[in-house]
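The first chain written gets the first letter, and so on, giving A, B, C and D; residue counts start at 1 in each chain.
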Amino acid sequence: METRPPQAAVSWKQKAYSIIFESDTPAGRAFDIALLWAILLSVVVVMLESVRSINAAYGPYLRAVEWGFTVLFLIEYIARLVVVRRPLTYALSLLGIIDFLSIAPTLISLVLPGSQYLLTIRTLRLLRVFRIFKLGRFVGEGEFIVRALKASRYKILVFLTAVLTLVVVIGTLMYVVEGGQNGFTSIPKSIYWAIVTLTTVGYGDISPVTVLGQSLASVLMILGYAIIAVPTGIVSAQMATPTVPASAPPAFKQVICHVCQATEHRPEAEYCWRCGEKL
Amino acid sequence: METRPPQAAVSWKQKAYSIIFESDTPAGRAFDIALLWAILLSVVVVMLESVRSINAAYGPYLRAVEWGFTVLFLIEYIARLVVVRRPLTYALSLLGIIDFLSIAPTLISLVLPGSQYLLTIRTLRLLRVFRIFKLGRFVGEGEFIVRALKASRYKILVFLTAVLTLVVVIGTLMYVVEGGQNGFTSIPKSIYWAIVTLTTVGYGDISPVTVLGQSLASVLMILGYAIIAVPTGIVSAQMATPTVPASAPPAFKQVICHVCQATEHRPEAEYCWRCGEKL
Amino acid sequence: METRPPQAAVSWKQKAYSIIFESDTPAGRAFDIALLWAILLSVVVVMLESVRSINAAYGPYLRAVEWGFTVLFLIEYIARLVVVRRPLTYALSLLGIIDFLSIAPTLISLVLPGSQYLLTIRTLRLLRVFRIFKLGRFVGEGEFIVRALKASRYKILVFLTAVLTLVVVIGTLMYVVEGGQNGFTSIPKSIYWAIVTLTTVGYGDISPVTVLGQSLASVLMILGYAIIAVPTGIVSAQMATPTVPASAPPAFKQVICHVCQATEHRPEAEYCWRCGEKL
Amino acid sequence: METRPPQAAVSWKQKAYSIIFESDTPAGRAFDIALLWAILLSVVVVMLESVRSINAAYGPYLRAVEWGFTVLFLIEYIARLVVVRRPLTYALSLLGIIDFLSIAPTLISLVLPGSQYLLTIRTLRLLRVFRIFKLGRFVGEGEFIVRALKASRYKILVFLTAVLTLVVVIGTLMYVVEGGQNGFTSIPKSIYWAIVTLTTVGYGDISPVTVLGQSLASVLMILGYAIIAVPTGIVSAQMATPTVPASAPPAFKQVICHVCQATEHRPEAEYCWRCGEKL
């Protein structure tokens, strides 16, 4: 709960702003929860539309509901642009782009049928849900995971490079060993097989037939089985290590920028350190 | 072994109670072990009944035995209701509900054939087995695992939300890329495929055929392979951290409530802190 | 290198003993390495015999070689019985039983054809290989792993019980939901499917077809994906914890009993603390 | 940035050397980045050539480009041999061998068609990419992973021996139990199946059919599911342990030998401690 200096005349724009972008007033919270349900429902509608039997029976109704949601989200998008102090900053922020992508496919589907299924990208809007609990535990825990992954990013990159090199080399060997008649029709396809095997997914759409191929595959599997210990070890070790000194975090203001979702503002900050929006 | 004040006249109800609900007297222990075997046997009978060839040969006998066990468990259930101090509390506790669900399907199967297979829910009654060793190591170790999972619950929830969002977005992309003729007949089915792939299960009932689809699948697999490090890291780090100060645990009374299975009672407690049952 | 009191007359039995059971003299080491190769070769011969095309071409030769190895191992087994101080203790020790099982199948195959393939149990004899490096790092590291697993055994048991209960309950649900026509022909088979899915093996020989079944399977997969964090966390946490005080281990004598492979003898020990054999 | 004594006359050889082998001058960096792209492009060309439809349409062009790259790499290889102080040391170093293997297959393919696909071994040359960032984080992080794996190598070896023994024994049992008609046609094939199952890959090309076989497979799966905790635990514990005292690492010179890629040179070192090359 940030303390806000008492102000004589709060404009309608500021009121609308606090409803749409914030969630610490009853109205703002109600707006966020309504939005959440609208997103969930619209995603379900898009999913149902893709099921042939349901589409055959209720297709027109579903498409009508979908258009309804799109119009709703379009209005919401325009409202956000109007009430925010810096419309361009919002439009180009990650959340702004997701908001836009959540409307675009319906319009595009007029020209390019089928693209409306991309509307499930609306699921990404659910990320806003965390804002409702913004002072709660979720943000902190989510940040803990992200911080641990960030701290391990160079290790993970080195690991991924090693994995990709291994997959290319073994994929090629399998292409030479097994050949096209056993499903290894090209090197890219063999690399795909190597990834399927190393990650222990193992569809079985392509599998080695020759003795040499099965031996090579066995080596790859045992490698994949042992190698998985590496990323796990990296992240475990990172998470077990106290990364931030205990005194530092409470020194930040418990506020999230509504435009760019930046956190870790200085206690006395009045503007976002990243995009300059008023906090 | 809780010390109990010597009492002149112990009613039959109290005796029955100590046999049925407790396991620190020889009679109580024998009852528990007999119950354990009855549960195991009855589950095996239900399983055998589901195998066609065995059902054809011994069906009527198996059904007779099953009815025998159900009557037995029904008597036991009624006995529990009679001897317990607060029948309603027991009936609505987790164990009470499981006890009831272990009898219900046989009765329902008179109306709805096939539902008797749900009797394998009796397996859950085996959880009582831990009570027999109640002062032993198992409860402590089980609680250690549960406590570590509980402490990580917000992190795991954030992780699951991220995984579900990823699965919905990639599932939809695959539906658009591969289309119905390659098995991706609807968005829900594509999401099912994405879960099968991300978790590295990889049945192979649906697998990508186009080059673009296989590339996208490769990305998803490597993500799934790397992402598994996150829950593992969370739980490992949690378990490596001493969560409870070393002096606290022995301060609890080594007793488990027989109605709601609550532990961590105060040393001087005579009644369960959760359901009020006499300890 | 244990120091051994100089002895005037070393009997032939003691000499044979030091060759067969020990590996710190050149002769003993040579014997062990020869044995190692004999085991490896005999296992390869058994494997080759099972390949139809090779069996058709070289069957009689392979069987002759197999009999040769069996006679060799029989002689070795008798020699061990003769030179050891307590033949019965050796015969009933783990290694003694494995030694016996490595000969038995060839003899049994005279009566029961096919049982000779069980000779690959000889692979277990390779465990002796660690003795050659007995003062080296391997024993210590192997013991480290075993100790960590032992310390976690109650936690792992609790975990396995939970997994088995889950698998029985979900397997039954799938049997009721999917039914025989989709491959879930009986409850035991459905439980087998649930294990295949939970462990993320995913053969695809049985896979859900109905929407409800696929949803249930998705839940099981995500559970399996998250649950794997538990055993990993247990073992990681155990291994990260220093279990033995740093001063204790060097206090043991660096010797392994040749009969029962016991370690951790007192520095001044002359006889094995477990089986009483002379060290 | 190593400080280098000012030198009056820098020969053309030294200049070429600093361009080809080093990357801290603008020319050297440009050379490395050009090389990187050449490697990537040549690997893509080889991959495309293996795709039948592309090969049919553009085969001759792709082969021409491939020959172009091979000539380029041949010139580069000769240049390296000329400018380096000890050509033989370079030719026999790991990187020198990889450089040679990146050219050889094209030449061999004149005699043995098909071997040109082995050119994807050029991917290994990408390892040089790390040199560009040599003073950066990557080398350090990569070394951290390698050091953790090295420190765990005995534990991992013991683990792999145990896994291989298990796989041989269970593979044989399955061969005896299931037999040839269910796909388990020989012991080596059954061992291949056991590896596919234990590592949770699960292609499904071979899967047990009999009840006994499925039970045995279930045991193997649950073992595989639990066993994976061991390597993960080993590596996690190793990574969580600070292996090198905090004061030691900065005591090394921040330089990598361009011939053998050795690091950890003494601060005052002028020659590589491993191959004697001038640093």
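Throughout what follows, a residue touches a chain if its C-beta (ideal position, glycine included) is under 8 Å from a C-beta of that chain, and two chains touch if they have at least 3 such contacts.
Since the model is a prediction, treat every value here as computed from it, not as a measurement.
Engineer: Any idea if subunit A and subunit D meet via the same residues, over half in common, or different ones?
Structural biologist: At the contact between subunit A and subunit D, which are copies of one sequence, the residues are largely different (under half shared).
Engineer: If you line up contacts by residue number, which pair in C-D, A-C or B-D shares over half of them with B-C? Let me know.
Structural biologist: The same interface as B-C is formed by C-D.
Engineer: Using the average of all C-alpha atoms in each chain as its centre, how far is it in Å between subunit A and subunit D?
Structural biologist: That pair's centroid distance is 32 Å.
Engineer: Please compute the C-alpha centroid of subunit A, do the same for subunit C, then give the distance between them in whole Å.
Structural biologist: Centre separation, subunit A to subunit C: 45 Å.
Engineer: Quick check: what residues of subunit B touch more than one other chain, meaning two or more?
Structural biologist: 188, 191, 200-204, 228, 232, 234, 236, 240
Engineer: Which residues, counting only subunit A, touch subunit D once they are in their complex?
Structural biologist: Listed in rising order, the residues of subunit A that touch subunit D are 154-155, 157-159, 161, 165, 168-169, 171-173, 175-176, 180, 185-188, 191, 197, 200-204, 207, 211, 214-215, 217-218, 221-222, 224-226, 228-230, 232-234, 236-237, 240-241.
Engineer: Under the touch definition given earlier, write down the residues of subunit B that touch subunit D in their complex.
Structural biologist: So the residues of subunit B touching subunit D come out as 200-204, 232, 236, 240.
Engineer: Would you tell me which residues of subunit D are touching subunit A in their complex?
Structural biologist: 43, 46-47, 50-52, 114-115, 117-118, 120-121, 123-124, 126-127, 137-138, 141-142, 144-145, 148-149, 156, 160, 163, 188-189, 191-192, 195-196, 198-205, 228, 231-232, 234-236, 238-240
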